[in-house]
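Let me begin by handing over the structure; questions about it come next.
Chain naming follows the written order as A, B, C and D, and within any one chain the residues start at number 1.
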Amino acid sequence: MAQWMTLSDAITAFVQDGISIALEGFTHLIPFAAGHELIRQGKRDLSLVRMTPDLIYDQMIGAGCASSLMFSWGGNPGVGSLHRFRDAVEHGWPTPLVINERSHSDLSNAWVAGAAHLPFAVLRGYTGSDLPRVNPQIRTIACPFTGEELTATPAVRPDVTIIHAQKADRKGNVLLWGIIGVQKEAVLAAKHAIVTVEEQVDRLDAPPNACVLPHWVIDAVCLVPRGATPSYAHGYYTRDNAFYRRWDDISRDRATFRAWVQEHILNTADFGDYLRVAAESKRQVASR
Amino acid sequence: MSLPEYTSDEMMTVSAARMLRNGAVCFVGIGLPSTAANLARLTHAPDVVLIYESGPIGAKPSHLPLSIGDSELAETADTVVSTPEVFRYWLQGGRVDVGFLGAAQIDRYANINTTVIGDYGSPTVRLPGAGGAPEISSNAKEVLLIVRQTLQTFVEKLDFVTSVGFLSGGDSRRAAGIRGDGPTAVITDLCILQPRLPDRELVVTTMHPGISRERIARSTSWDLHFAEDCGETTPPTEHELEVLRRLHCESAAAYAAGDGA
Amino acid sequence: MAQWMTLSDAITAFVQDGISIALEGFTHLIPFAAGHELIRQGKRDLSLVRMTPDLIYDQMIGAGCASSLMFSWGGNPGVGSLHRFRDAVEHGWPTPLVINERSHSDLSNAWVAGAAHLPFAVLRGYTGSDLPRVNPQIRTIACPFTGEELTATPAVRPDVTIIHAQKADRKGNVLLWGIIGVQKEAVLAAKHAIVTVEEQVDRLDAPPNACVLPHWVIDAVCLVPRGATPSYAHGYYTRDNAFYRRWDDISRDRATFRAWVQEHILNTADFGDYLRVAAESKRQVASR
Amino acid sequence: MSLPEYTSDEMMTVSAARMLRNGAVCFVGIGLPSTAANLARLTHAPDVVLIYESGPIGAKPSHLPLSIGDSELAETADTVVSTPEVFRYWLQGGRVDVGFLGAAQIDRYANINTTVIGDYGSPTVRLPGAGGAPEISSNAKEVLLIVRQTLQTFVEKLDFVTSVGFLSGGDSRRAAGIRGDGPTAVITDLCILQPRLPDRELVVTTMHPGISRERIARSTSWDLHFAEDCGETTPPTEHELEVLRRLHCESAAAYAAGDGA
């Protein structure tokens, strides 16, 4: 049963050091506010799951929150590398990062298996690829009818999933639309789910067959306007492409990154405060 | 009428776009593949169907998305499905005619690496990884690859096989039970390469105007062959260049947009 | 690539005697017009697939179109038996009917596997049930990670699927909404797909994340207003519950059924003609 | 104040409705289960969540659907998902608290038959079949059964086991690796039966007013036991009857509606 609460309270209540956690959202609706709050609360030793680590996990990895990462594509889309992710994998900074690497098709199938309470997923994947050689979790299975050999991979069932959505009603029923990625699966596969939303409404007014998550599959709902920034929320604000490009400079160097985290996350009280500080940083960049 | 000026990247993108037939269902990676696919859609192939792995099916963006899941893709699509559905029903389901991919390394049999440079356990360079590539390369009916051609990208041996082309060549792909015809062309900034029968090694089939055999050979780590009838790539038309440059121009404006938000 | 054509032409072009065929739609949007046309064209020896045979297959089975049936629940919802289905199973009338019986969960998973081009589906099903004893296609499979034993069943991939939908645009892109059942899966799992629709529109105006089937996965689109009658089309007309109840009398007796088929289907030119004759029958029933 | 008059079917439906706690997520079969679940929703359990196998989640129908997929269910639901999603993510996913089922035959361990009377290969009566029952009975956290009690329905041995209750009793259900607690009550037109520990045989725990032990025993093919503290079922209240009758009345109007269309 969903409870409305502050994001800070939700993270404190449901996220303990050492748990497995997924913050999902495929380019769209990435729950950045929640990622910042995990950094702000100094969470450690998290087993991260996310198809595309993106800037959100680059920040968390660089800030030392993670001990492992399950993922399928780890770049800054359209820009280049995720420097903090690379630094962790290549040099173990700030702490070593164990990786569990899969393909998009595999990991999205694994989310489906998790939501369906199956222990594994079956797909036509990886043939000829070296990935099964370096990831012993990628196995084969024979079809009991045709004898055909297919790929089997374990389901994903994290302790906590966090997503960002456009709307929730007072009971905590959640509506999202546009690019919905694996968010429904990620919520249903998790033991606990936290949803941050752009707004609270009296009625969802969901179109037929929309992606709705009923309040009874969610633990906490948190009102965080612009909570997906610098990602976007369809119908609310656009993607801050400029920030994605600026991140390349901010994150390339350890000291610059640390200073950014200190100023923008550790020194801010919450995501509203971050947005004010970030807007100020932008003005300074623009006036240079 | 003088021939229009153009860059080698423009030649590459235009060449790649021309490979897409009108009406083809195309699974598009971000970056160069997305640029080429949208150029095709805005020139000779208005009915090409673009599928992005984030969920949009039939996207018709007016500017190039910076990421694979920009709102422009969702807003212009015929429908937006979940990411698992894209991979399960549409790609694995056998509905994709052409997979359009890039790569950090490619070998003579068009196998590609987007995972690591160096050893997997202690890489020199950690690349972004597989994404959709392993299943695109094995489930799409055919694959087009776009890669800038250098000694670093065209290698004798991949550091890591992320996604397969023709494995060890000949019939080895089919023998491994992999669906689809595999890569039918590799488009670079220097030339177009295609698999030669029967060994399916990549050979140069056309060279871009002004590019010499020596230049191409010097940019390839293996002993590259040229097709007997190897000719010259048709240069970009004014119309192709105009559309491509407008796309880039509108995209640059969109990329900068976040700053003012 | 979808072609707009008459239903009669579509059935002639894509349905040959002896093929496997699914007419899907879970209570809602049942493609009755297509079922009638199959009877009208005297199709024989069809391998039918449908979760709930409903009146549409009761009519086709009684008319002698089918040699086998894969199904998961064969009743007249809220009314009772499907008498023609029972007569075929119990007495082989008008011809013997081989049944391949599964559960709803199994068959809907098998549709998913078919759409995903997998040879089999995995589910938590049937434990303790006698169904696997009488259906050798229901087997077990061990999880390669946990060793757990699960149910494996073969995918469904019929030669032809026919569905009814609310709208299509001129290109043949199809939109349906409301209870969407397994229709998307049934279309994507089939070698050929025919869609009958309530109306042709200039623009679909589909809401975000709606159930849209693009024209390039469909072979034929046919304009058949009220083509789901006596089932319903959400937003167009309601379910003819009275007819579902009257069917109990019409279908109970072989001769009465045959007379009904002769008058309403074989003697009518198309579904529009059927609707006129059926309306006349209703008036007679009402005036008795 | 005189006690209201009511039928045995009304007593059965009211008893079944009372078993549903407010807020429970309930997977509802059509017919008696749907009537009871909606009665619960309109009386003591306004926040009960009704899931129908056709796709509606959180349906709040004003009249009883004749079929499992009536438009009333879709229009009043919080959302409507595909049928595979209902079975995969919601039922098998472990999100259902209570599965509400009917049956043609039931045995002393609450195993049920909805498939055939007689031999499977040449049945005397071909019943509708499994529907959602095998997986509802094994994936819901608990199951409620509603069955009219006769010698034909309460049988010594099922002609066919469609869906399991407690198999051969005792711990055999758990030993077979089946999730969920299984049937916690069987509600009939004569009484309420519940599994007795440790053997999990169904015993009568309350008898409906005016129904004798003899009448119940005569309507059961096996040697039925009565709980030591077996008492009388609380009769329907005026409010329960009023709501139930209004539901039936509005439904009858809806069922006839097709005639005028």
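Keep in mind that, in the parts below, contacts are C-beta pairs under 8 Å (C-beta built on N, C-alpha and C of every residue); 3 or more make two chains touch, one makes a residue touch a chain.
No experiment lies behind these values; they were computed from the predicted model shown.
Our note on geometry: chain B versus chain D, Cα centroid distance of 57 Å, whole angstroms. Taking the mean of the C-alpha atoms as each chain's centre, chain A and chain B sit 28 Å apart. Separating the centre of chain A from that of chain C, both taken as means of CA atoms, is a distance of 41 Å.
Chain C has residues 112, 117-118, 123-124, 178, 180, 184-185, 208-211, 234 in contact with two or more other chains. For chain B, the set of residues touching two or more other chains reads 74, 80, 88, 92. An unclassified topology is adopted by the chain contact network, corresponding to no line, ring, star or complete arrangement. Chains that are in contact with each other form these pairs: A-B, A-C, A-D, B-C, C-D. By the touch criterion given at the top, residues 26-28, 51, 71-75, 77-79, 81-82, 85-86, 89-90, 101-106, 108-109, 111-112, 123-131, 134, 149, 178-182, 184-185, 211, 230, 232, 234, 237-245, 282, 286 of chain A touch chain B in their complex. Partner chain D is touched in their complex by these residues of chain A: 1, 112, 115-118, 173, 184-185, 188, 204, 206, 208-212, 214, 216-217. Interface residues of chain D, counted against chain C in their complex, comprise 30-31, 53-56, 65-71, 73-75, 80, 82-84, 86-88, 91-92, 111, 115, 120-135, 138-139, 160-164, 167, 173, 176-179, 254-259, 261. Every residue of chain B that touches chain C in the complex is listed here, in rising order: 23, 25, 49, 57-58, 74, 78-81, 88-89, 92-95. Residues 117-120, 122-124, 137, 139-141, 143-146, 148, 150, 152, 154, 177-178, 180, 207-211, 234 of chain C are the ones touching chain A in the complex.
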